[in-house]
Every structure is written in C-alpha cells, then in structure tokens.
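Pasting the structures here.
Look for chain A in each of the two complexes below; its partner is chain B in the first and chain C in the second.
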Partner chain A sequence: MSFWRRREESLVVGAAGLALFLAAFLPLAWTFIEAAAADPPALRRGLAALKAARPWILLGRSLTLAAAATALALLLGVPLGLLLGKTEVWGRRLALALQALPMSLPPFLLGLGWFYLFGAQGFVGSEASRRILFSELGAVLVLGLAFAPVASSLTALGLWGVDAALEEAARVVAGPVRVAVRILLPAAWPAVALAALIVFTLAFSELGVPMFLRVEVYPAAVFARLGGMDFAIAEAGFLTIPLWLVAIVLLGIERSLFRRRSFAVAGLRGRSAAPLPLGRLRFPAAACCWLATLLLLAPILSLAARAGRGGGFSAANQWLWPSLANSLILGCAAASLLAVVGAVLGHAAARRRPGEKILDGLAALAFLAPAALLGVGLTAIWNRPPTRFIYGGPAILVLGFLARYSIVAIRSFAAVLAQFSRDLEDTAAAFGAGYLRRFLGIVLPANFRGLAAAWILAFVFCWRDLETAVLFYPAGWEPLTVKIFTLEANAPEAVVAALSVAQAAATALVLALGFLVWRRKAPW
Partner chain B sequence: MKMRMAILLLSFGAGFWCVSGCDRGGPRVVVYTSVDQVFSEPIFRAFEKRSGIAVKAVFDTEEAKSTGVLNRLIAEGGNPQADVFWSGDPVRPLLLIQRGLVEAYAAPNARNIPAAFKSADGSWTGLAARARVLLANTRLVPADQMPRSIRDLADPRWRGQAAMARPLFGTTTMHVAALFSVWGEEKARAFLNDLKANQIRLAGSNGEVKRLVAAGEAAFGLTDTDDANEALREGAPVRVIYPDQEGLGALIVPTAAVLLKNGPNLENGKKLIDFLLSKEVEKALAESAAHMPLQPGVAVPPGVSAIDTLKAMPVDYARLAEQMERIQPWLREWAGL
Partner chain C sequence: MVTPAIALEEVFLNYRDVPALAGLTLEVQPGEILALLGPSGSGKSSLVRLVLGLVAPARGAVRLQGEAVSREGRILKPPEERRLAVVFQDLALWPHLTVRGNLEFGLKAQGLPAAERNGRIGRMLGRLGLQGKERRFPGELSGGERQRVAIARAMVLEPRAVLLDEPLASLDASLKHEMLFVFRELLKERRLAALYVTHDLREAASLGDRIAVLERGRLVQTGSLEQLREAPGSEFVKALAGDLFWMGGSRA
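After this line comes the complex of A and B, so read on.
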C-alpha cells in the first residue's frame, strides 16, 4: 500500500478540518489577535465590559428566555410529533410537511406575522394583546412557537427510528397510550433531547425577534458594539466569552447524554407497518393536531392576508427575483459544500477518529458565536488582494455558512452513520480498499438518504439565514431574507408581507424537491 | 472510481468557480449605501438603464443604519471593495474622511448645492435631505395638544406614550449628538435621562417608530421625514410636525455621496455620483421618499417642505462626527446594552 493510500483518510479529514478552521476558527480568533496587536487599551475596555454587571444581567435574561421558549416548544412539539409520527391522525404527513414551513423561515418574519395579527391594529389585536406581544412573554411565545416544529419533526423522526420489533411486542400486551408513554417516548428521548438543545441554541442566539419586540438580550449587546459608531470589536470579542462558556456546557450535556446512544434523524430504520390506533380519541386527536398546525402556520397566514389586503403580491414582483435567485444559488452552493464537509467529518465522528471531538466542538462554538463577530473576522481574514476572488464574490458567504452551519451537516450525517454497520467498511478494508474507495463506494451510496437529509437540513439553515449574511454579503448578492429585513423598515407592509410569503412558498417548493430526492436510491 | 472522482472534483471546481467569479465581466460600479433600499434601489436601476453600467449594491439594514456599512468600509479600508458610499447622512462620511479613505471629487453637478451641505474640497457632497420630525397619531393626540418640540418627548403628560429609535444607530444617534453639541454635555444627558424616566419606548429603528405611531401603539414619536411620509401614504391617521420651529430648529439630514479611494471602478464611481447629484434624482427622491431637494429649481411635491422654508438646527456636521464617536459608550449604557 502506497504512502498516500495509507494516509488517504488523514488527508481527507484534515482537508475538511482545515476548511472549518479557515472558515470558523481563524475569523473568530482574529477578534482577539487583531484587537490586542492594534490597540492594547481596547483589550482593557473589553475586559471592563465583561466586568460590568449589565452584560451578566442580559445573559441571565437570555438564558431564561431561551429556556422558557424551549419548554414551550417541547410542550407543544413532542405530543404533536408523537401524534403525527406514530398514530392514525388524518393527514399526519401533510401536517408534518406544513410544519416545516415556519421552521425554515427566519423567526423575525414569523414575529412580523404575529404583529399583523396581535398588534394594536392587527387582525385580532387589542391594546392587551399588543402589551403581551411586546414583552418578554411575547418573545417566549413567538420563539417557542417558531421552534416547536423542530421538536415535533425530530420527535417524529426519532419515533420512526424506534425498533419496529420492540414496538410490536409492546402492542401485544399494552394499549396505545401505554405503548406511547412507556416504550415509544423513552426510546425516542435522545431525539427529544437533541431537539431541546437545538431549540435552546437557536432561541438563545436569536437577535431579530427580541430586537423587534424590544426585549433586551445578550446577543443585542454584542451586536450593538459591532454596529455602533465606535466599532468596539474587542468589547464584542470579550462579550462572546460567556456565550462560548454556555456552548461548552451545552456540548458537555449533549455528549454525556447522547454519545453512547444512536438515534435516527433520517428515518432509516424499518417502520412499524400500522400506526397506533386511537379508537374514540381519533377525532379529538386529529382536531388537536390540526389546530396546533394551524397555530404554527398562523403567522404565515397572517402575512399572506396582509399581503393580499394591500396588493402586495403584484408590488413585490419588482423586488423578488434577483434576491430569490441569490438565495437559491447561495443555499445550493453552501449546502453542497456543507454536505461534503459534513459527510467527511460526520463519518470521522461516527467512527471516533482522532481529533473529531475538537472539530465537532469548533463547529458547535461557531454555531453559537454571534454571526456579526464571525462576519467581522471573515472580512479581516479574507479581504486581501490574493483572496479578493473569494471576498469579492459570493464565495465569502458560502464560507460564512460553512463556519456557522457545519455542525448541522456533521451531526445529521454522524447520526445516520451511527446506525450503519461498519462491517462492510471493515470487510472492504480487509480486501485492500483504501479510505476514499470505501467512502465513495460504500459509505455514501449506502447512506444516500442520510446525505440527502444532511444537504436538505444544511440548505434550510442557509436559506433561512439572516444574521450571518446581513453584515457582510457581497455587493449584488443580497439574499431574500436580508432584502426582506432591509425593506421591512420602509417599504409598504403589504410588500414586505408578500415577500415573506414568497420566501415561504419557495421553501415549500425546495423542501418538496428535496423530499423527492430523499426518497430516491443512490444514483450511483 | 477514478472517473467518478474526476467528475466529483470537476463539479466542485465548477461550483466554486461559479460562486467565486460568476458575476465578473462588463462595466460595473460597487456602491454601499445607507439610504433606504426601497428608495435607493430604483435610483440604481435607473442609472443602470441610462449608463449601461451594472450597479452592485450593499444596503444597510435599518437596525444598523449607516453604521453597518460604515464599519464595513473601515474594515475593508486596506483593500477597498466599493467605489461609492451613498450615506443617509453627512456625518458617517466624515469618519471615512478622517481615516483617509475618501477621494475628493468635485462633481460638476455639485456647483449649485448650498455650501452648508457639501465640503469645500469635494470630499462629500450632500443631496436630497431629510428632516427629523415628530409624527403624531391624530386619534390619540388632540389637535390642540400636538407636540411642538422634541422636549415634549420628556413631558410627563405623555409618559410611556412617546417613542424614538434606540440612539445607537442611524439618524437618531446623529440627532442625539446634535443635542450634545448644541445644548452641551450636561443638559443633553439630563434630557436623555428625563426621556428614560418618562418611559420613552425605544424602537429598533425609525421605521418602527412610524409603525408604532401609525398603529396607535404610541401617541407620537421622533422619526425621519421619509418614514413619516410612508405613514401618510399608507393612509395612517398621523400628522407630521417639524419640531422647535420657534426655538432650536429641526435637524436637517442631507444624504451624502462620497467617492472612495482606490475603489476598483473609480471612473464608474464618478459617473454614479454625477447621476446621484442630478436634478432628476433629487426630483425622484422628493416624490418617492419626501426628501427635500438641495439643487435649486427642483419642484417640491405636495406634502414635502422646501429646505428654505424650515428653521434648521445650527450644526457643524464635522463636529457631530467626533461627538458621535465620543458619546457612543455612554449611549450604550443609557440604552441598557
């Protein structure tokens, strides 16, 4: 076996790790390096910012808000996931598919939808509903409902992954409620816990909704230092330290809970043929599910109504297409890169290769780090004459997305591989197949659905992204979410609402296409 | 296997080439702007049509208004990506001028712009101006109790019912800096503390102030003329008041065009600035955004005040730039961030 052949895996994993290092670690570390080198007093100011009481109060508030939003999302999402994923509720697949829509929109747009509903002059608004909406409680409700579909989808997928034999055996001796409570939910708890972690992270790092509802949160304090006149990078960098501590704690919890268990996120195991019978409860259960689905879709319906009322759909035409095309190109390019990096690093994680924990941790930290800080770092690192072809074009956004969302692709593919026996790989290795041959010839074809799921997930995150792109998108490459966010301030409400509906409709189309691909077998 | 690998690598190479360079070719100009996208983008489309030069734009968001692209221009200073900065106010360009990032350009169309709204050496040239105004909801504020001064924001009569944008970004920071400049440090701080004591509602942007007032969620608020005009167009029950016309005067905020040093398309940048300073653009912005023309002889549409009919707050824009940088940490503390 040649020298290169023996080191194929190290080289490929190293290359993927290097991409992550260049996209995520360097820009984030730059904040401190550059600030220290250029302006030592700035570091003192940064430290002083951390010593003040206010940031810690905001941190406490953000943690509380994220915890409450997570609780709400689970309270609604888990029963919904159970009913839609495992019972005979009418139209359950359609309901699950519809719930993917709010999940793939920036929460800020959903907040806008709730505002059109419950603002003082909203469709069903009053002074009381306005007060609730523009408060901490309002932020919890908006974020909890925005992220509830994450909980319902992951719960459903987790339940689909439960061993069918186990479920069938339980059904012989127990009723549907007992099977659900004693067998299905405990078996699917890693998926539920993962949903809790994702929702908590998303709610904790959310900037648009709290700013819109005038709730002061920690990420806004970081943003204020990067968006303000004095451009206090060092202070922003120091204020990121507590965020990373939170990320490390979350990672610790996650690793202690899940590392020894596998769970399905792509529905790869054999499903139980028959859904759980609900008997007399079928109608009320279906009514509850569809009411809950309607509740989750309410902000989108409200946006559609607002758009229709003011002739927004025809007026939005002039603003829509270039940004929609930008979002599609950027989303597809970034999702493809993420799928490749995610497949390589996800495989390394699933097979416990050396260094995988460090790369996984780095990806997790980049996910939680303020996107604005990442943007500043990416500008500093990549805006140089030799790399102008990257910084001056959409490739810089693709790099930004790689930094921010690699964890999504890595974890989803690793979760799929956790259920894929390594015997085939070991056998091929015994017959002399190198890493690349095993990876391209066995791992990817056998897990094509997992790869497609990782691509779709990565695409959705890039597609709905606002925070990463807003501060450093290249000239002429404004994504649709940023355009909506920018126009929202001054354009007629009906136009903004129509653009938001267009984003939701395009999401539906992309998800439908993705689903069709997901159902196919590997093309090679 | 080798064929598959080659196809895979070629696909990624093609994809990367696409995302890194697919928009090259043809004459172009890169502009960063903090003028609201809803108004500035149609101007750029008109320039494209007229000149055949493609405009690649970066627009600022309302929340980071003016400062997001400004900080980006500073960060990109060593390797500029933009040719033109069309700022929503004249203060941010001065911060770029201080850092040596601006190329002076005495545009032919700048000749008739009043001296107060341009620099003598052509570093920045003002055009289409806004004013800071009070926007009142006529259902909540009786006609005889309309606010007349920005001091009314701190009037206990309107406790919890007045709104302004968080003064960390955009024209609101400039307005606060102007107050620090005109009133002095102590009086300005006391006023801001009075606002807080009066439970003023801090919105994310001037556009949001407009929305709050138009929706009746605030009785009145401090915003810009373009936002106020938008509320009027939407048929909201609002009235626009130019504040302090018997006293301090209203703050006038011209937009400003700046040519950036070492931009990649310098000549096209000059062409864009020439176009921005034309009467045609001033007229279009007066009609679409209620901006007050600075070029003489441009007709003002109904509902838009002519610049010479207003009492303007006496400010030196260059001093405001320094003031804004200086008071930022205090303002952040005041805003609770």
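After this line comes the complex of A and C, so read on.
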C-alpha cells in the first residue's frame, strides 16, 4: 500500500483547510499583524482613530440597529414559521417557497423597493413616510422585514425536525395552541436561536441599506476608508479591532449553543405528524400568513411596478448583461469551489476527524465576522505587487466568497451526511476502498442531491452578496448587486428598478432550479 | 500450532472515557465460526469496529493471521488493507449502486481485472440465486434479496475473515432460519473464519462452532453449546441456560 494512499484523507482535508486558511485566516489575522508591525506614526493615527468618540458611537448604533432588526425579524418570522410549518393554513408550502425569494435578495434591493413605495415620490409615499424611511427606524424596519423569512424558514425547518412522537404524545393530552407553545417551539429552539444569530450577523454586516437610507453605521465608516478620498487602509485596520470583539462574542455564542445542533437543523424526520388543527382560527390565521407573505414580497412588486412605469427594462440593457454575466460567472466559480471545500470539510466535520473543529470554527468566524473586517484584511493581504494578478481580477471575489460563505457549504453538507449511515462508508473501507475511492465512489454519489443543494445554497449566498463584494470588486467585474448599488445614486430610478427586478427574476430561477433538484427522486 | 485468523490480546477500548472493552482476549481459528453473544451494550459492535480497524484499542493488540494490525492506541493497518469483509445489521448496501455495482466496488478497489471481476460476480450471483437482479438497485429488492446481496458482496471479495454484526436482527423467523443456513453453508464451503455477533442465543447456537459470551466489555465464557449449558460462567449465561434447556442443547 503506497505512502500516498494511506495519507489521502490527510492530504485532501489539508488542501481544503489550506484554501480556507489562505482565504479566511490570513485576512482575519491581518488586523493584528498590521497593528504589531505598524510604524510609530501609523500606530498613532490608528490609536487616535480608535480613541475618538465617533467610532464607538457608530458601533453602538450598529449593534442597536442589528439587535432591533433581529427582534423584529423574530417577532414576525417565528409565528409565521410556526403557522406555515405546523398548522393547516391553506397554501403554507407555497407561502414558505415564496418567502425564499426576498430572503435570497440583498436587503438593499428590498430597501429600494420600499423607497419606491414610501419615498416622497413613492406609490403611496408622503414626506412623513419618507422621513420615517430615511431614519434609524426605517433601517430597522427594512432589515427586519428583509430577514424575517430567515426566521420563518428556519423555524419551520426546526419544527419539521421535531420527533413526530413527541408532538403526538402531547396532542393526546393538550390542545393545539398549548402543544405549539409548550412542546413544539421549545423543541425547535436551536433553529430559532440559529435564526437570531444569522439575522444579527447579516444585519450588523449590512452596508447597502444603512448607506442608502443615510444612516451612519460602523461598517460604513470602515468601508469609507477602503476607497476614494478617505482611503486609509492602516486606519481601516485599526477600526476593525472592535469588529473582532463582536465576531468573537458571536462565535462564542455559536460554539456554545449550536454547533452540532446546527448539523441537525436539516435532519428532517421521515414521518411527520398531521398539521395542528386551527378550528375557528383557520381562516384568520391563513389571512395573517398570506398578508405577511405579501408584506415581505411588497418591495419586489414595487420594484417591478417602478421598472415597468418608466420603461426601465429597455433602458437597463446596457448595464444588465455584463453585470449579470459577472454575477453568474463569479457565483458559479465560487459555489463550485465552496461545494468542493464544503464537501471535504463537511465530511470531516460529520465524521469528527482530527482538526475539524478548528477548521469549522475558522469558517464560522469568517461568516460571523462583519464583512468589513474580512474585506479590509483581504485588501491588505492581496493588494500588493506580487499578488496584484489576484487582487486585480475575479479571483479576489472568489476568495472573498470562499472565506465568507464556506461555513454555509460545510454545515449544509455535514447536515446531509448526518443522515447518511456511517456503515455505508465503513463497509467500503473494510472492502478495501481508500479515502478517495470511498469519498468519490460512495459518499458523493449517494449524497448527490445534498451536494447539489449545498452548491445551490452557496451560489445563492454569493449571488445575493453585496457587503463583501462592494469592498474590493475589481474594475470590470462588478456583480449585478454592486452595479445596482453604484448606479442607484446616478441612474434613473426605472433603470435601477429594472436591474433589481432582473436580479430578483434570476434569483427566482435559481431557487426554482434548486427546488427541482431537491424534489427530483434519486434513480435508486 | 495453527495461527489464529483473528486474535485479540488483552484489548481495552474506551468511548469517551467509558470502557467498552476491558482486557479482552479472544481468538478465531481459520475456518471457525465464532458466535459472539451478549446483551445490548456489552461491547459486541465495538469489538467488530475494533477488528475492522475503524477504532484503535487503548491498550492491547489486534492480530490478523499473526500480523499485528492495531496496537496500543495505534492502527497499524487501516481497514482497507485488512482484507476483511463485513455485513452490518442495516446491511449498508450502497443505495446509488446496482446489485452488480455493490459487488464490483470492492473488487475494483482490489484492482482486479474486468474478466476476473465478471467471473467472480457471475458465480456469486448464481450461487445465491440472484441472477437477473444485477441491474436492480437495493431499493428495488425484497428484504431477503437484499440480505443475499449483502452476503454476496462480502463473499465475492474472498476475504481472509468475515465479520457479521447482527445481520439478521431485522428479519422474520422463517427468513432468518433460511439465511442462517446460507451463511453457514457459504462460510464452511470456503473455510472462512467468521465472527458472528448476535444477542440471540438461537442464532449463536445455530451458526457458531463455538460461542463466546461478552458482558460489560469482558469475555465471561467461551465454549460449545453443551459446555455453556453444563457449566454456565455467569448469571447471564445461567439465564440463557434456561433457554438452552428448552432448545434441548442441539442446533436449532
């Protein structure tokens, strides 16, 4: 037996880990490297930037805004998830599927949609509604509604994972409301808590909505030092130090509350209990659910109406296709790389191989860390003469997506493998198959749908990304989200709206494709 | 002196600091079927995973035909190099591969040429009455057919020993009886050493040349059916002796 064959697993996992290390660890660690190596003037400037009151006020505002948006998303999303996931509300699956669309769009686009509705010139807007929209409250409302589907979907998913026997045993002795509140929701709490963590992370990282609504937030202050007149990369590095604290706290919460549980979020049982009967509440509950779904879709409908009214679709052509192609190329490349890394590291995580906790923790940290922290690090590491070929081309965006979203691919594939009998792999090992033969011949083909789902999920995250890409997109490689963001201030509203509708339509297409892949029965 | 096909020497195994096997010494001779009998949680499946090389013993050694393959916390030979075959309780048939694909997978891993693979597969399918099912996926087979495929997949490799981890636990009585007969016939005609793990005394008595009784990770007694009945080595064996009485001490 050859030396290499015995080390296949170590080599493959090591290569995936190295990719993650280069993409995520180096940029994240850069803040400390830079601070340690800073010359005295740079150190003074950096410390002065941190000593000023302004950054801390902004940090406090960002944290408050993210917390309020999370509270709103949970307040709306959890009951919605409960009703759509577990009761006999008419069209509940369709409503959940429709909510996947706003969830897969950058919140900035939804903010635009709300602006076309409630801006001073909006369909139902007035000066008063404009004032509310362009305020901290407006940012909370836009972000809370944008992320509510994350809470509803994860709650529904968590409820589907609850053992049917637990629910049925409770149904024998208690009414549906008591069963829902006392048994189902507590049993599904990891999913709800995970939703809270994800929403908080995304809301805290969000750049597009606060910048559009003229609400000053901390990540925007860092972003300002990465481009234009205020370019000051070293100062930006110092400003990322408080973001580290936020990231570490979030990682601590994630480690202590979820890690293994998050693998089981997708662990749907084969048998599910009958939907909870709502009795007289059936019609009002259905009406509430569908009204809420319409509320979540309202900004997309508003975008479509705005684009149609001003002839935006024909005028948007010149910007649409190059940016759409960029998004598609970048999304496909990054999702493919993420699927490979996610499959290898997800397998290592599910099988608890040595070192998997460190790699999983690093991937989680890169997602939980605000995008600005990662963006500053990536810019500082790769924007140097020897690596300009990476920084100046699409590779830097692929690296950024790999760093930020690897946890999505790792966890989703690990969740799939958690349902996959380990005996299938052990038998193959006993029958003489080494790691690669087992991985390529048994694990991947037998879990092909799971792998495809991980790819599509990773693609959607890259496709909807604005906050990472906007920090360091190279010239000529703007994804559609960035193009819309940069055009928003200068192009006619109808054109911006049309581009946003194109983004939404393409997203819907990807989601439909994902749904078909997931629904497709395996040939065996 | 004959070298045992499988030998465990003073083996200790822990799972999260809980001892699963405690100083176990056991041998399976070439051509012998050793039935390993024990209640749930006695360490039977841990022993199978240990012999396969999926876990390493904290202390002690595992030898295959005299060669140390695991020793003192280290796996010296990984599972894929041990030339063993296994049938798990859930059969672990690869759902995305056809019957033929399931049989061929291990042969390809061994690097056998296509002609040899085809010959072996054809003979094994014929021997187990699975002709015409080659292109079926496991999900398209009956319970008995799946069982046969699992056996065929293990035997087609011509391994040096076979490990059977409660492979009949989910079958009804008549099918179980039929499969026990098939197992014994195949193992004996190939003179294969086998470790048959079960919690069912009838299966152990029907198939095993010897029966080893495992309790709380320790081997409490090894012997023939008659020896177990006449001089039970523990309360558990004593309780089993009642069943043995009703079985009349003979193979079921």
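As a working rule, the second predicted complex is superposed on the first by the 414 of 524 C-alpha atoms of A that agree within 3 Å, B and C clash if a C-alpha of one lies under 4 Å from a C-alpha of the other, contacts with A are read in each partner's own complex, and residues count from 1 in each chain.
Basically, a residue touches a chain if its C-beta (ideal position, glycine included) is under 8 Å from a C-beta of that chain, and two chains touch if they have at least 3 such contacts.
For clarity, every value in this text was computed on a predicted model and none was experimentally measured.
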Taking the superposition as given, does A:437 touch the first partner, chain B, the second, chain C, both, or neither?
both
Tell me which of chain B and chain C touches more residues of chain A.
B
Report for A:445: first if it touches chain B alone, second if chain C alone, otherwise both or neither.
second
With both complexes superposed on chain A, which partner does A:428 reach: first (chain B), second (chain C), both or neither?
second
Between chain B and chain C, whom does A:25 touch in the aligned arrangement: first, second, both, or neither?
neither
Based on the superposed arrangement, let me know which partner A:226 touches: chain B (first), chain C (second), both, or neither?
first
Does chain B (first) or chain C (second) touch A:490, or do both, or does neither?
first
Could you list which residues of chain A make contact with chain B in one structure and with chain C in the other?
437, 441, 524
Where on chain C is chain A touching in the complex?
49, 52-54, 78-86, 88, 90, 92, 94-97, 105-106, 108-110, 137-140, 153, 157, 163
Residue ranges of chain A touching chain C (in the complex, touch as defined)
1, 6, 421, 423-424, 426-434, 437, 441-442, 445-446, 448, 522-524
Chain A-facing residues of chain B, complex:
1, 4-5, 8, 12, 15-16, 18-23, 30-32, 36-39, 41, 54-64, 67-68, 70-72, 74-76, 78-79, 81-82, 95, 168-169, 173, 201-208, 214-217, 226-227, 230, 233-234, 324-325, 328-329, 332-333, 335-337
Help me check something: in the complex, which residues belonging to chain A touch chain B?
54, 58, 119-121, 130, 134, 211-212, 214, 216, 220-221, 223-232, 319, 329-330, 333, 336-337, 340, 376, 379-380, 383-385, 388-395, 398, 436-437, 440-441, 470-478, 482-483, 485-493, 524
